[in-house]
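Following this line, the structures themselves.
The two complexes that follow have subunit A in common; it is paired with subunit B in the first and with subunit C in the second.
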Partner chain A sequence: MADRRRVVGPTDGTTPPVFSPSPSSTSLPPSKRVCRDRGPQDLRQIFLKTSLTPPAVGSSFLELPSPPTYSNSSTLKLTCSVFGPRALPHSAPFFPQARLSCELKFAPFASPLKRRGYVRDHTERDLSVQLATALQRSILLEKYPKSGIDVFVTVLDCEGEAGAVTGVSSFHAGGGKGGGGWGGGGVDVGLLGVLAGAITCASAAIADAGIECLDLVSGGVSALVRKPGGGGDDDAMGQEMEDELVVVQDPSPEEHAPGDIVAACAVGYMAAREELTEVWMRGVVETSIDTEDKTEDNLDRMMDGAIMAAAQARRVLNEGVAERLLFAMNMAKHEMEIT
Partner chain B sequence: MTTNITPSLSFPPATYQKVDPNSYLLRHLSPTSTSTSTSTSNSGTHAPTRPSGRSADEFRPPTIHTSSLSHAHGSAVVRTGDTAVVCGVRGEILTLRLGEKKVLRSGIDSGVGSGVDGSGALKSYPLIVPNLELNTGCAAAYHPGPPSDWAQAMTQRIRSLLVDVVCPVEVNALRIVEDGLGEGDGEGDGREEEKEVKAYWVLYIDTVMISLDGNAFDAAWAAIIAALNDTKLPVARWDPDLDRVVCDPVQTRSLGITRFAFASSFGIFTAPPGEEAEAETWILADLDDFEEGVCEERILVVLTDERTIAKLEKGGGQVGSSGVGTALAGVKHLKRCTKMAGERWKIWNDLIKGKGKEKE
Partner chain C sequence: MPLPTSGIAVPGQPLGTTAEFLPGTGIHIRKDGQLSANIVGRIHISPTTTPPTLSLLSSPQDTTNSATIVNPATLLPQVGSTVLCRVTRTNPRQANVSIFALDVVPPKGTVVVVDGAVAAATSTSIPTGDTFPGVIRVQDVRATEKDKVRIASSFKPGDIVRAAVISLGDQSNYYLSTGRNELGVVVARTDSGDLLYPKSWKEMICSRTGIVEERKVAKPI
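Up next, the complex of A and B:
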């Protein structure tokens, strides 16, 4: 796939570096997959700042720290800029509402293992569509007829295999259905983290742009994790009923062994309206539809976890938006005083 | 846009800027030229100030952060004013085919090509792959999709500067040789051994513009240099048993960049005809987005140290009313710009070197 508009590397292609335990290195890094040292409901501190891209109408930047065990560096980094509402081109057909378009793009250096190309791939398109779905309900689109609102999200850095270029097998669970195509354990929560982060970040940017909204949308992730020591091989987690499955909020792929995450789910949640705008679940969950007891059902537990995580993220979102609002109010006051 | 036409025909500065950008900028630069000027309240009568509040030869102060990306081998975030760039450098391995492998004898640094300075390989193989991505919503004019002609031209300029002109990366640093310990350290290697170049590192230099308020080139270039300076590639060796390159999971080495080049862009603003100050010119350093739209004449100076010019570009000169004399004036402009670029070079250099010291 030759891209004639960009500088491409050698024609034969290059391979990412392959690492091996070298004899010269005496101190190997400690086993990367260690237990999570924060509580299952403890979220990592989210850094959210608005208006970092002044040329855009609204913008925001979101950053998540690495799990504290390993380093004080950060992993997930997203920038989002919003343009609009702006007039659609004349060729566009009449539309009584604003048209929301979301573009999510990974930077070439965002993903581990292999460098990502510049052309948008299926994962990016999928995430873009989901982001649009999550935001759509929150914006008062009918207030802006014949106009377009463009949301651009750039993923500068992410964790896990989220950005891995290899085919991503995933399936959606619309609200309540589970089961299906996923074989063993080992759900990649990185990608879910990217979506949840993108939802929070984009919602902040939209608020920053001064676009009228019903509510802010925040994203949250939770995962069903096989408790360490619980045992059980990856293929047969359905049978092993005594396997304890723990719900973990804001999971990081660094903190769990690859097969331990049985299922994970990301939600877009409007806290003030108590409305879910987006549910994306991956993995296999055994659910009993007839049980009313919420504490028993794995799906309920996981969804509740994700909603709780989103509610927590909402507090950060509120603060980020309020900061901007106060600034704007002070500016207005200042101007009033001058004139 | 609706303007409130009051009897005195005055409107807010923002409207003035949109309606007549040329005269808007002129009023800022020479506030005393006319008495009817509406936007001189804050600029006073001293040195000419631009709409951004800077003086004509004032650059925006830069900031650099390095090593902030977890998956890149080297990275830098550069911010000058409202222009922000992220650059990530990532190394991948190009394994040479059987016929292409070259033997290096100690002392003789035979590049794969026949470049005088051993940089032939950089040209015969595209070992340095820079790209500039502008379609990130960094400014209203850029949409996602394939890069515009301008973005492609920009990438090409960066590439030619990196590979042909400045060459901050020596080909030695990119060689992976058969001898595990040699690592192609180049001139420091005194042993009488033959080393076979089995593979090369290919550096993918991806520059993503996050926020663009004019002068993309300077910021992008500085980000690339800072990221290259920050780059630490894993120590790689050729494993004959596996028949592939294997990297050490812990040890890294830097690229050993010694040549630091920095770019400074200028714009020349000529007063529009029909004004009092007709054909008067101002050299504006580090244009922002608005000024880029107004200034037609551009100067780009790339220096490898305070005095040495690596690249000099001037385009879009206008014919002044004085006719013949303008070419001479252009040369004078270039000299002045070079001097200012020297000062700017020092600022960038200190910033990058300072960062290096902090880490040690």
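Up next, the complex of A and C:
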């Protein structure tokens, strides 16, 4: 009888598998890098579909277009399942509203560079908390007393360093505040993209579950990017540097050279109410509170860019959540015609 | 935001003002008096009231008379609602139950619609997506002679009980009451597994063996 307590290897030995070395997106030559061929205000197309996970009360799937195969880069793929409102565990204290719990998890194969563990790491915990903050305000929690609403987001594929275990520690905002010297580092926008996608995806799943909410929340990302060919001058001083920074909506970490992205921002935005539920900013950005003309302020420009990106994503979200009902209505109409 | 086509509203969408419409199901009123959608649903305007009632219906089918749409997955027990539950265990002070279905009573002239299909024109029990823990305390078993009630002669584990929710209760249990004639045990079996039939308001009888067991019996419909 076989030894059931331990894994026994084959008796005749095996050849260890040899894999080709992992391609690193940052080490790619510039020619191999994907070029951003859309305007700074153009978003990538978003694929959003609801009700794809049968056991869940509500579910959704979000995907961005795949990059060309030569680039070795990846894209963003997310699924979200919503369960509830359901009874809370026995140990939970009485609460007159629903409790929202959000869990964002990277699949072990999510990152193109490194395989992830099953245990929740600090990046996932951080993103889960931010996702919960973004959704909390939108749901009518008081309609569901003494119950729990559970939101699970699984990242199947993600871009840039977001998938690598380094996660948050990959934050290297280069340069000082004193103007000039933006050289070095740069911000990885992969995680911000994951958060914005997760917000949109989760909001679609919540609407799909039929849970009553004030508004849908859509996520948007924008980044301050050094204009190609402009930045990097050693003698350029702060005032001139500002002119060289452009706001790019929906940035992809694959499309920009490392260090080009100076700062980035992700927002959760309720477009119908014109309310922000979540703001996450990374990198170093100069702002002047006393500036009269707000259009000149980099921080404001970047935030406005993220809000505009979220407002555009909202249009996809609107279509996505209405699609199932529209389909069912057409089917009902079709059946009526047959009979 | 522009109104979408084909009369489907999505959460957050402005649908009119309080001066134009009364809010129906799936609608909330914003601070500025704007009616907004809560759910994804078909826009339905009922002209029977003045101003007309605006509601959102999540069922795809066009029902001629107005419908009470029920989404079993988001159904929760509320104070006053009637539920069906199974007794899980008893002790001299209370009977623990698990709630598995809720009675939905549609307003007069409407029908209940579950998952897009018309379920019933009158009160109907809808199974919930998940069970909820509840408790029937000894003082809530019946309305009179509460001091003489014994749990052991009212419920046995496994009985199916119709009860009313009197409180959302403590951290885990909903508090239920069977203190009305139509509330109490509706399905019960003997130890040998034979069905018991109501004999009196406090006794049930087995048709095969003739055994009489004590229960708080619900008035048969």
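Basically, the second predicted complex is superposed on the first by the 255 of 339 C-alpha atoms of A that agree within 3 Å, B and C clash if a C-alpha of one lies under 4 Å from a C-alpha of the other, contacts with A are read in each partner's own complex, and residues count from 1 in each chain.
The working rule: a residue touches a chain if its C-beta (ideal position, glycine included) is under 8 Å from a C-beta of that chain, and two chains touch if they have at least 3 such contacts.
Since we're looking at a predicted model, the values are computed, not measured.
Peer 1: Classify the contacts of A:F152 with the two partner chains as first (subunit B alone), second (subunit C alone), both, or neither.
Peer 2: A:F152 contacts subunit B only, not subunit C.
Peer 1: Name the chain, either subunit B or subunit C, that contacts more residues of subunit A.
Peer 2: In the superposed model, B touches more residues of subunit A.
Peer 1: Tell me which partner A:L214 touches in the superposition: subunit B (first), subunit C (second), both or neither.
Peer 2: The second partner, subunit C, only.
Peer 1: For A:A272, decide between first (touching subunit B), second (touching subunit C), both and neither.
Peer 2: Second partner only.
Peer 1: Of the two partner chains, subunit B (first) and subunit C (second), which one does A:V129 touch, if any: first, second, both, or neither?
Peer 2: So A:V129 meets neither subunit B nor subunit C here.
Peer 1: Should A:V321 be classified as contacting the first partner (subunit B), the second (subunit C), both, or neither?
Peer 2: Once the two structures are laid over each other on A, A:V321 reaches subunit C alone.
Peer 1: Mind working out whether A:P85 is in touch with subunit B, subunit C, both or neither, as first, second, both or neither?
Peer 2: Touch status of A:P85: second partner only.
Peer 1: Pick one for A:A332: touches subunit B only (first), subunit C only (second), both, or neither.
Peer 2: Touch partner of A:A332: subunit C, not subunit B.
Peer 1: Using the superposition on A, tell me which residues of subunit A are in contact with subunit B and, in the other complex, with subunit C.
Peer 2: No residue of subunit A touches both subunit B and subunit C.
Peer 1: Can you name the residues of subunit B that touch subunit A in the complex?
Peer 2: Residue list for subunit B touching subunit A: 68-72, 75, 82, 84, 86, 88-95, 97, 125-127, 129-131, 133, 136-140, 143-144, 146-147, 152, 155-156, 159, 202, 204, 206, 208, 210-213, 234-237, 239, 244-251, 289.
Peer 1: Would you pull the subunit C residues touching subunit A in the complex into a rising list?
Peer 2: On the subunit C side, the touching residues are 1, 4, 6, 8, 10-14, 26, 28, 30, 36, 38-42, 58, 60-62, 71, 73-74, 76, 116, 129-133, 168-172, 174.
Peer 1: For the complex, give me every residue of subunit A touching subunit B.
Peer 2: So the residues of subunit A touching subunit B come out as 5-10, 12, 14-22, 24-25, 27-29, 52-56, 59, 66, 73-75, 77, 79-83, 103, 105, 107-112, 115, 118, 120, 150, 152, 154, 156-157, 159, 163.
Peer 1: Where on subunit A does subunit C make contact in their complex?
Peer 2: It comes out as residues 57, 84-88, 90-94, 96, 138, 140, 144-147, 207-216, 270-273, 317-318, 321-322, 324-326, 328-329, 331-332.
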